[in-house]
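Here come two complexes built around chain A, the first alongside chain B, the second alongside chain C.
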Partner chain A sequence: MRTAAWLYLILAFGFIYLPVGALVLFSFQDGTLPVPPFNGPSLKWYAEVLSDGDVTDALLHSLLVATGSSAVAVLLGFLAAYGLARHVLPGSAVMRVMLIAPLTVSYLIVGLGLLIVLNRIGVGLSLMTAGIGHVVINLPLAFAIIYASMGAQHENAERAARDLGASEAKVVILVTAPMLAPAIAAAFFLSVTLSWDEFIIAFLLTRFDITLPVEIWSMLRSGLSPRLNAIGSVVFLISVTAVLLLEFTVLRRRRS
Partner chain B sequence: MSAATGRRRGWGFVAPALIWTLAFFIVPFLVMGAMSFATLEGRSLIWGLHLDNYVEVVTRAYLWRAILVSLEITLTVTVVSVILAYPLAAIIAFRVPPQWQRLVLLLAILPFWTSYVVRSYAWLLVLAREGLVNQTLMNIGLIAEPITLANTRFATVTGFVHFFVMLLTLTIYANLVQLSPNYRRAAMDLGANAFQTFRHVILPLTLPGIATGAFLTFVLCIGDYVTPQVLGGNNELTMPQVIMVQLGRRADFPLASALAIVMMAIVTLAYLASARWLRLDRV
Partner chain C sequence: MTASVRLDALNHWFASFHALRDISLEIEAGEYVTLLGPSGCGKTTLLSVLGGFIEPTQGTVRIGDADMTYVPPAKRPTTTMFQDYALFPHMSLRDNVAFGLRMAGIARNERHRKADEKLDLVGLKADSAKRPHELSGGQRQRVALARALAVEPEVLLLDEPLGALDLKLRRAMQDELKDIQRQVGTTFVHVTHDQEEAMAISDRIVVMNTGRIEDAGPPLRIYREPASLFAADFMGEMNHIPARVSSDGAQTLLATVPAANLPSGEATLCIRPEALRQDGSGIALGEATVRDATFFGTHTRAHVIPVAAPDMVLVAHLPPTRLPETGAVIQLSVLPDDIRMFTKETA
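Moving on to the complex of A and B:
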């Protein structure tokens, strides 16, 4: 029984890491095909990728869209969470449902709806429109994460600040926001990770300037190549870094 | 401050997020709904209450077949993923020493954070004609000729299962560690063996968690375009692929909208069918 359990664990990890392993290993391939036998290691594909203007442009675009849209999503989500947690508003249940609603719909449908509207009103597609779409999908998460950590224990500190003469804006900026810093950071990192990887909305809502997943998509058409392995490994490394940062800073601090 | 000014301030805080959601999600969604009842004549769009697009969805074989293909793939993926993920989550929750559990779990779902596009490409590396699996099998002499793995439904399902096993391991693990060990002890004390304890105690208690994870799998799987497009090829098309075909080659927004509405209707039906087991507040 015990050996069977460990065997299953090892097999499961083998399955989970098989594609990622192949991706990273053959990014160091010294040849033109990322398939066995492995010759290498060689860093030439990384050098080629990092000197390719299209790829580095797309990488910068992705970072821009990810950080920009996450900042907007977290700001809007934080304000809405504060408004709904600290004020008694008629229809607050309806508003909460409305803010969460985009989570229940697939990204393809979010992108399709926006594409139709932008098309009708004649707005050109750009990194900005992709960013708008990413705010739509990340706002519910940011709101939910921050709203969930707006416990009543923070309310006393806010009341004290108000009694001492702080304006509402000062209370929010100097008292509430710092107390919620872990939740705000968690929401921001999660948004960045999701936006950084997101493909279908970016694909539908960009045209000339594109993000990295869209650039990778267009390179996929020419089939297997160690260049794609190198780019994919870089993308994976950046995502993993964001996740580990989140795990070892924000979440760890929150639990202790 | 008076209740009225407090309320006005409260509105001020919520308004930006509400307006954003309204302008960029709810209005586009309604326009898409209206678009599904519009029709194309040549290249000009005619609004109205036409049912042409929905009639087309049920009468054109390649459209309703896409619905069937999507349903078959999604159901297969959901069932296989739950069956594979449950033991993994249970081993992490019950066999791995507590102080290592968080690390093992983190490692087990790390590739979850790879982008969809990259993950599908990575499976292509493994399953391609010259790929890892074929080369390995030929080297050890199990097969003489490469077998076709990529561009099949098998490849699509494998790519999906890989992703959802990680997701489900996370949700099922979260469920298992919430269970008090007393349930297991009580069952054992009353003479149940390990299997009976699992079958009659642990499994029923974790069913809501499984249902929630399975529903999440269903929703995310049926709406994904990338995995079937990269791994399944064009032998059989799923609903998202058919929607993208309407958008790309033909710019037929009305038909694409109708297909999207049908896809949403299917997800809603799946929700209603599983609603009594679902505890979405537990996610």
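Moving on to the complex of A and C:
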């Protein structure tokens, strides 16, 4: 029974991590094809990738879009959550559902819809438009996470702050937001990781400046190469960093 | 700072629920007043009206000389100490206590000095850099008190402040609260459902029930001469003896007692357990059989059955020196001053 359990565990994790492991392993391939047998290790593909201006530009663009769109999504999500959690509004249930509903719409539909609208109103495609698309997909998530953590104990602290003479703006800035810092940070880091490797919307809504997933896609058209493995490893490393940051800063503190 | 409070003809409805009914009350500056009553009696609603968290449907709230009925909490000379303390978890104790001063625009050094002063008052000066989660319940409670007092309110409102503490700590904090109130001189309005706490701490108790004030007065008067049957029962254990009032007095199965000022008809005669005596002084209530008795340290609490009324069970607090045996027969009597009588309300 015990052996079976261990076997299951190994199989499950193998299924999840073997592809990533293979990707990372063959990024160190000393040859032109990322397939067995493994020769190496060699860092030449990393050197090539990091000296490729298109790739590093795309990487910076991705970081910019990810952090910028996440900041906007978290700010809007927080304000929506505060409004709906703390005030009695007409149709607040409908508003809540409408805020979360975009989660169920496929990225392709969101991207196409925005593309049509932007074309109609004559806004040129850029990193900004891709960022807008990412706000659309991350806002529901940010709203849901922050709204769920706005409990009654926070409300009492807000009441106490008001009682001690704080204006509404001061209540939000000095009491509500700091108390919700863990949820706000969680929403932010999650949004960053989702935006960071999002492809379809970024593909549809960018033109000259492109994000990394779009760059990778265009490189893929010329066939497999350990370069792609090297880029993939870098992307993976950055995602892992974001997740670890989340784990160590936010989730750990909440436990204490 | 301190100010008087004057409530006039307050009525409040939550939808169709009549939560406050014709509340009129005057509180003197520097007085310690307790609002006492069971859950749902309206005491917390009344406190919220005082604090500005609820605007009453009708009536006025005056604090000092100013009409405060529609003034928001931030602009009132009141602060509230909340039941769950509502401390700011992300701030040190010093910043918690200094928060109100910060909102008032007082410079950092000055507000830190004042905050330390208030922390000293509640005995937590050494912990001013700690966060609330590092404290015990009793300590958090003190921080909440220091924070509420730091802005030097004219009236401090306390919403069941001792509700979450264990009994021993509760009794200790009662003494401390009263002591601090004497030092600062602020008017305190304290909500509780614990009549012992109310008696221990207040200059005046306001007993509330179903949104109404049943009785208001000093603890001794409310305990010994309650204005209503509800107040009599809420302040402590009470024996009820059915009586019939006529021109001869109030007749019961045990004795007939003088009943001046009461209209003829059904009435209830109330005697506290500790007022039942065995020494024969006062009005004789006849013999009674002891059903059971328990030792309480300061007294023995006995259930006794009067021989003249076998369906009645009375609770008597007897001297602790001897535990009466089951079945023992004792003579009961009561001093006329220890009897309260209420006309039976026609249901």
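Just so we're on the same page, the second predicted complex is superposed on the first by the 256 of 256 C-alpha atoms of A that agree within 3 Å, B and C clash if a C-alpha of one lies under 4 Å from a C-alpha of the other, contacts with A are read in each partner's own complex, and residues count from 1 in each chain.
As a convention for this text, a residue touches a chain if its C-beta (ideal position, glycine included) is under 8 Å from a C-beta of that chain, and two chains touch if they have at least 3 such contacts.
Predicted model only: the values in this text are computed from it and were never measured.
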So, A:178: does it touch chain B (first), chain C (second), both, or neither? second
Would you check which partner chain A:38 touches, where first means chain B only, second means chain C only, and both and neither mean what they say? neither
Examine A:239 and indicate which partner it touches, taking first as chain B and second as chain C; both and neither are also allowed. first
Comparing chain B and chain C in the superposed model, the one touching more of chain A is B
For A:159 in the superposed arrangement: first (chain B), second (chain C), both or neither? second
Using the superposition on chain A described above, determine whether A:167 touches chain B (first), chain C (second), both, or neither. second
Under the stated touch criterion, which partner chain does A:216 make contact with: chain B (first), chain C (second), both, or neither? first
Do chain B and chain C touch any of the same residues on chain A, and if so, which? none
What does chain C use to touch chain A in their complex? 51-53, 72-75, 78-80, 82, 84, 86-90, 99-100, 103-104, 147-148, 151
Chain A touches which residues of chain B in the complex? 3, 6-7, 9-14, 16-18, 20-22, 24-29, 31-32, 35, 84, 87-88, 91-92, 95-96, 106-108, 110-111, 113-119, 121-126, 128, 130-132, 135-136, 139, 162, 165-166, 194, 219-220, 222-226, 230, 240, 243, 247, 253, 256-257, 260, 263-264, 267
Complex interface listing, chain A residues touching chain B: 1-2, 5-6, 8-9, 12-13, 15-20, 22-23, 26, 33-37, 76-77, 79-80, 82-84, 86-89, 95, 98-99, 101-102, 104-110, 112-117, 119-120, 132-133, 135-136, 139, 143, 168, 193, 196-200, 204, 213, 216-217, 220, 224, 228-229, 231-232, 235-236, 239-240, 242-243, 247
Inside the complex, what are the residues of chain A that reach chain C? 153, 156-157, 159-167, 170, 174-175, 178-179, 181
